[in-house]
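Input: structures, listed below.
One chain, subunit A, appears in both complexes that follow, with subunit B as partner in the first and subunit C in the second.
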Partner chain A sequence: MSAPDTPVKLAAPTTAPAEPVRQRTTGDRVATAGQWTLVWWRFRRHKLAMTGLVVTLLIYLMAIFADFVAPVPPHETNARYTYAPPQGIHLFLRGEDGGLSFAPHVLGYKVELDPVALRRTFVIDETKIIPIGLFVKGAPHKVLGLFPTDRHLIGAITPGDPFFLIGADRLGRDVFSRTVHGARISMSLGLVGVTLSLVIGTLLGGISGYLGGMVDATVQRVIEVIRSIPTIPLWMGLAASVPLTWHPLAVYFAITIILSLVGWTTIARIVRGKFLSLRSEDFVTAAELDGASRMRIIRVHMLPAMTSYIIAATTLAIPIMILSETALSFIGLGLQPPLISWGVLLKEAQNIRSLATAPWLFAPGVAVVIAVLSLSFLGDGLRDAADPYQR
Partner chain B sequence: MAEPLLSVRDLSVHFERPGGFLTKAQPTVKAVDGVSFDIQPGETLGLVGESGCGKSTIGRAITGVARTRGGTISYATKEGPVVDLAAMPRRERARYFSEIRMVFQDPQSSLNARLRVLDVIGEPLRNFGLSRPAEIKERVADLLDLVGLRPEYLERYPHAFSGGERQRIGIARAIATDPRLLVADEAVSALDVSIRGQIINLLMALKARLGLTYLFISHDLALVQAIADNVVVMYVGALVERGPAAALFANPRHPYTAALMAAVPKPQRGDGRPSHAAIRGEVADPANAPPGCRYHPRCLFATERCRVEVPALRPVGASEVACHHAEHIDLNAAARHAPLETNGANP
Partner chain C sequence: MVAYILRRVLIMAPTMVLISVIVFAVIQLPPGDYLDTLVAQMASQGDRVDDAQLAALRARYGLDQPLLVQYFRWISGIVLHGDFGQSFEWNKPIADLIMPRIGLTLAIASVVLFLTSIIAIPIGVYSAVRQYSIGDHLATLFGFIGLAVPNVLLTLGLLYITFITFGLEPGGLFSREYQNAPWSLGKVGDLVAHLWIPVVVLTLAGTAEVIRVMRATMLDELVKPYVETARAKGLSEVRLITRYPVRLALNPIVSKLGWMMPIILSSEAIVSVIVDIPTTGPLLLRALLAQDMYLAGAIILMLAFITVVGTLVSDVLLAVLDPRIRYA
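On to the complex of A and B.
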C-alpha cells in the first residue's frame, strides 16, 4: 500500500456516514421551510432584483443619514462659486521629486472673465490642491436627530474649502449635498404615500371582495371612475387647492394624501381579486368545515396567502409615487423650496441655459432614475417570488 | 333495518344566477332536485354519476358547505335525537361539522400551503376544542401514525409531500374530530392509479378501526363496485336508481345505470370487445333539464310517456328505480345494440 492512499482510507469511514445525514438535513430544511423562507430563496435567485434590493437599501440609508453623507449643509450658499463645475477626485499626488503618493484631493477653481460674453467661467486651477478625506470635520449636525457630531462621510479636510463633487447651482449650493438631502423627502414620500394607499386599498378591496354584491359593485365603480380621470390634471387640480400659506410639512402631507388617493385603486383591485379567488379555494372551505370562525379564516388562512402579493404590488407602487411627486414638484404644483425633493431640485434645470451651462443640475434626475429602476426591479423580483407554491 | 345515520329527503340545491345592472338573469341551475336516500350506520354508500350530475353538490350539502333550497337532511346525533341539518341556522349547524367530515378531491388545493402539517391537522382540534393546546401536537402525531405517515413529519409543510401523502394528511384532518360520517368526494380521483389502491385500503382500514360510515362519491364504477355496500346513481340532479351494490351491479334496472356500466372499460380482446360509446348524446344542462324523464333524450327505450311524465322511484327487484319501463326492457339487449348505434365501423 502506497503512502498517499493511507489518509484516504482513513478518512473514508468518517465521511461516508456523514454524507447522507447532510443530505437529509437539507431535505428537511426545504420540507420545514415556511412561506417567507421559500419566498426569500426564490427571490435570492433573481439577480436583478437582488441588485435592486441593495441599491434601494443604500438609497434609504443615504436618506436616513443625509446630514452625515452630505459634505455641506444643503442650504449653505456660496456666492463665489455659482454654477461651479464638478471637480474630479484625484487619488494620487505627484510630488516634487516626481514620485506618486496617495493623497486624495480635488483641484481648486480659478475664475476667468470671458471678454466677449462678459461672463465668469471657472477654470480648474492645477496649483490649488484641496485635500479631501473620509470622516472629516465639517458643519455640526445631529445623526438621526439625536447624536450631535461634526463628522461627515466625505469632504474637504479644511472646512470651508470648495468641494463640489458634482458641481454647484445658481446660488453656489452643493448639488451633491442637495441631491442626498432630496432623497429624504422623495423616498419617504413614496413610503408614506404607499402606506396610506395600502391601508385604504386593503380595507376597501377586502370589504369589496369579502362582502360582494352591491358594496363590491359600488367600490369597483368608484375605482373605475378614479382611474378614468387623467392623473396629471387631477393632481394639478388637487395640488393647486393646497394653500401657499401652509407650513411646508403640511404641504408634504397634503401632497402625499393626494398621490395616495389615486394609488390605492391598484392595491384594492389586487386584494379584491385575491379574496375572490381564495374564497373558492378548497383549503378555505376545509377551514370553514374545521370550525374556524370568519375572522380566523381571513386572518390565518386567507391573509397569509395574499400578503406576498400585496407587498409586491406595494413595492411596485413606490416608484410611481416618486415619479408623481417629482412630476408635480417639477411643474411647480407639488413641494416648494425651501423643502428639498428631487422634483424641487429639477425645477432648477428647467431652462435651456442650465442645460447648456450647468448640465450637472440634472443629477437629481439621475437619482430619480436609479431609485425608480431599483425599486421596480425589486418589486418585479418580489412579484415573481410572491407565490412559491405555484407550479 | 336499523335507524339510518343520515336520511336525505327531497333534497334540492339550486344555484340562482340573478341578473344585475346591465346583466340578464340566467336560469337557475338545479344542481340537486328532489333527491332522497338513507345512509345506514357503518355502511359505505357509493354515489355515482357523470360529471355535473350533482353528486358533489350533495356531498357539499351534507357536510354543510352548500346551502340547501328544500328537503331535509335528518341526522341521528350521537346523543340520540334526530335533527334536521338542512333547517338549521349556520351557527347551530357548525356544531355538527365535527361529526360529518369531508375528504376533498384535490390534495393539492385542499391543504393550506402556508401551514405546517401540525397546524393543518390541528386546526379542527383547536377550533372544536377537542384537544388542549398542549396536547394537540401529541394527538396530531398519533393521527399521522394512524394514516401511515411518520409522526416526525408534523413540522413539515405540505409542499414536502407527494400527492398520496397529502391525501393521507387530508384524511388525518378529516378523522381528527372522531367523526361518524365521512364524505369522500372523489377522494382518490386526483391520485395516480398506483396510489389509489393504497388510499382506498387506508380508508377501508380506518372504517373498520374507527367505526366510520362513508358516503363515497365517485365516477369510478369499478371502484364503487369494489367497496360500496349500497349505491345511489344520479343523473342531472335527480336520483335514477338505488339499491344494494351487488344487486345493482349484477342486474341494473335503469337504462342509464346499464349504460354507465357498459362504459366501464374491461380488459378484453377480440370480438368480445365492448363498445367505446355505450351511451349517446350529451349530459343535459341542469339549468334547462328536459321535461319528463331527464334521461329520455339519450335513452334507447324512451316513449311518449317518458317525454311527459317524471318517473317516480319505485321498487323493482332488489333496487329502486326511477324508470317507467324498468320491468319490461331488456337492458342486455341495449348494451348489445349500442355499438350499432354509434360505432358501426367496428362490428
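On to the complex of A and C.
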C-alpha cells in the first residue's frame, strides 16, 4: 500500500542510461524516499483530502486578502438597500441591434411599496444596467496592511453603484463582503486557538506519557474532569466573565484562550499515547544505551516520529474551534460587533422573521460548513497518511 | 460486580470535587461579588438597599470570609441540604428554579440517546456488512453532513423551513391553548410539534459519530476467524451477524454513548436557546447575562453531575456486557 501512485514498471528496459533515476524500481524509490515524501505520496492519493487542502488554502488566501476580495468595506451601510436581494451576474448584454456582446453586468433595483403589508419590496429593474468587472476601483485599502491600493477583485465599475452578490442585511451592508471579512476572525481564531492547545497539549501530554506514575495519573484525572463538564455551558460561564468594556482584540484573545482551555485535552491524549508506544521502540532503547540524555531522546528521536500525528490531530481540532466560536458568538457570549466573525454574522439570522424575508443571511453559515468540511477532509487525509510505514 | 460498581463510585467522588472547584472558580470569575451586582441592580431600579440588610446578606453568603470558607459553605449547602442558594434575579431558591428544567433537559437527552442508538446501530452494521455499497456511501455522506453542519445552522434551517411551509414559529413547550390544559392526546401532539426540532438536530449530530464507530468496529470483527467458523457451521448470514460480531461491536458503542452525554447536553444548551425550549440552556444564558452567577454555577454543576453519572452508568453497563472488564 505504500507505493506511490505513479506506477514505475519493474526493471523497465529503458534505453537511456543517462537517466538512472527512471530505472529505479518502485521498491527503490520507496526505500530511499524520506518520511515526509512518503507522507506526501500517501496523502496525494486521497482525493477528498486534496480537495480539502485546496479549499482550505483558498479560504485562508481569501481571509488574508479580504479587503481586496470584498467589493465594498464590510461596515459600509446603505439605508436605501436594506434587505436587498441578491443580484444575478449576467455575462452578456443584448445590444440595440439585437446582437449579444460580452459585458458582465448586474441589474439594479426598483423599490415598490407593497400596498397590503406596507413593506418595501425590491424588484429587479431590467433597464438599470450596472456594469461590473474584475480589478475595479473602489474604496481604498491596504494589502497586507502595507501596500495602499483602491483595486478590488470584483465590483461595480462605477464606485457607489449597488452591487450585492448575495444580498444585503438589515443595514444595507453587503453580505458577501461581510462573509469574506468574517473569514479573517473565524479562520485565524481556529489557528491561534489550536496553536495554544498544541503547546499546552504537547507539553502536558508529553510529560504525562514520558514520566508516567503520579504525574501521569494527575494529568489524566484533570483531563477526565475537564471532559466531563459539558463544554458549551462551561465556555458560556467563562466567556460571560469577559468584561464588555474590553477592547475587541482583547475579547478575541480571551475567547481564544477559553476555547483552548478545553481543546488541549484531545491533543494531550494523542501525544501521551504516542509517547507510551514510542517509549518501548527499539530506536529509543538504542539511543538510551548510547547514553543520550532524556531531553535529547525526546527532541531528536521521539518528537520527529510523532510530528505527523500531531499535525493531523491539530488540523482536526481547528474545525471544532470554528464551530465553537460560531455557537458562542451566535448566542451573544463570544465576539461582539464591530468584530466580524461568521458567528457574529449568523446572529443577524437569529430572528426567524428577518430570516424569512432575507434567506441569504444564511451565507455565513454556509461558509462555516465549507470551511469545516474542507478542514475535516484535510485532517482525515493527514491522519491516514501520518504513518507512511504502516502496512 | 458490586465491588466493581463501588470502586467506580469511589473514583467518581474526587472527580466531582474537582468539578465543583472549577465551577466555583467560574462563579467567582466576574469582577465584584454577588452583592455588588445586587446593589447595582436595585440602584438601577431606583431602590435603596439599607446597610443592615446588606450586612445580613453578606453574612448569609459568607462574603466577608476567605474564598476557601465561601467554597465550603457553598458546597456543603448543596451536598448536605440540596441548597444551591438564592437567585437574585428571580428572587427564588435556585433549586426550585433548576429542578424542573433539569428534568426536561434529561428527558430530551434520553430521547436523543435512545433515537441515536436505534438509528445509528443498524445503519452502522449495514454499512460494514455492505461495505462500499450505495447505502454505505450514503451513510458516510450523511455522517459528514452531521459532523460539519453546525447545530446552530441546522436549527435555524429547520426553523426557517417550518416557518416558510407551515407559517409556524415553534418556540416554547406548548401552544397557548394547551399551556394550562390537562394532559390529553392533543397536548402530547402539541409537545411533540414543539420538541421535534431540538431532538432532530441533536440526534443527527450524535448519529454520525455512532455510525462511524459501529462501522469501524464491525469491519474489524467481520474478518475474524470466529465469523468464518460460524459461517462454516452453516449459520444463516443474518443469525451469524446478529449473534456474534454485533454483540462484540456493541461494547465500544456503550462506552461511546456514555461519552456522548456531555456532547448532547452541551449542544442542547445552544439549540434550546434558539428554539426557546424551557430547559437549562436558556436559563443558563439568562443567568450569565444578568451575572446571576450562583444560578449559572448551579446549572453547570448539575450538568456536569449528570455527565459523570451517565459515564458511570455506561461503565456499569459495559461491565455487565463484557466480563473481561468486570474481572480486570
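Observations
Convention: the second predicted complex is superposed on the first by the 365 of 391 C-alpha atoms of A that agree within 3 Å, B and C clash if a C-alpha of one lies under 4 Å from a C-alpha of the other, contacts with A are read in each partner's own complex, and residues count from 1 in each chain.
Please note the rule applied: a contact is a pair of C-beta atoms (placed from the backbone, for glycine too) under 8 Å apart; a residue touches a chain by one contact, two chains touch by 3 or more.
Just so it is clear, the model here is predicted, and its values are computed rather than measured.
In the superposed pair of complexes, A:Ile229 makes contact with subunit C only, with no contact to subunit B.
Using the contact criterion defined above for the overlaid structures, shared-chain residue A:Leu333 touches subunit C, although it does not reach subunit B.
When the two complexes are overlaid on their common chain A, residue A:Leu93 makes contact with neither subunit B nor subunit C.
Annotation for subunit A, partner touching more residues between subunit B and subunit C: C.
Contacts of A:Gly237 after superposition on the shared chain: subunit C is touched, whereas subunit B is not.
Of the two partner chains, neither subunit B nor subunit C is touched by A:Ala139. Once the two complexes are laid over each other on the shared chain, residue contacts for A:Ala287 go to subunit B alone; subunit C is not touched. Legend: residue contacts after superposition of the two complexes on their common chain; A:Val368 is shown touching subunit C, with no touch to subunit B. Annotation: subunit A has no residue touching subunit B in one complex and subunit C in the other.
By the touch rule above, subunit B contacts subunit A in their complex via residues 20-21, 63-65, 94, 97-98, 101-102, 104-106, 109-116, 123-124, 127-128, 153, 155-157, 159-160, 170, 173.
Put simply, subunit C touches subunit A in their complex at residues 14-15, 18-19, 22-23, 26, 29-31, 144, 147-153, 156-157, 159-160, 163-164, 169, 259, 262-263, 265-267, 269-270, 273-274, 280-281, 284-285, 288-289, 291, 296-297, 299-300, 303-304, 307-308, 311. Of all residues in subunit A, those touching subunit B in their complex are 28, 30-35, 38, 217, 281-283, 285-293, 296, 300-301, 304-305, 388-389. Residue ranges on subunit A touching subunit C, taken from their complex, read 221-222, 224-234, 236-238, 240-241, 243, 319, 323, 326-327, 330-333, 343, 346, 349-350, 352-353, 355-356, 359, 362, 365, 368-369, 372-373, 376.
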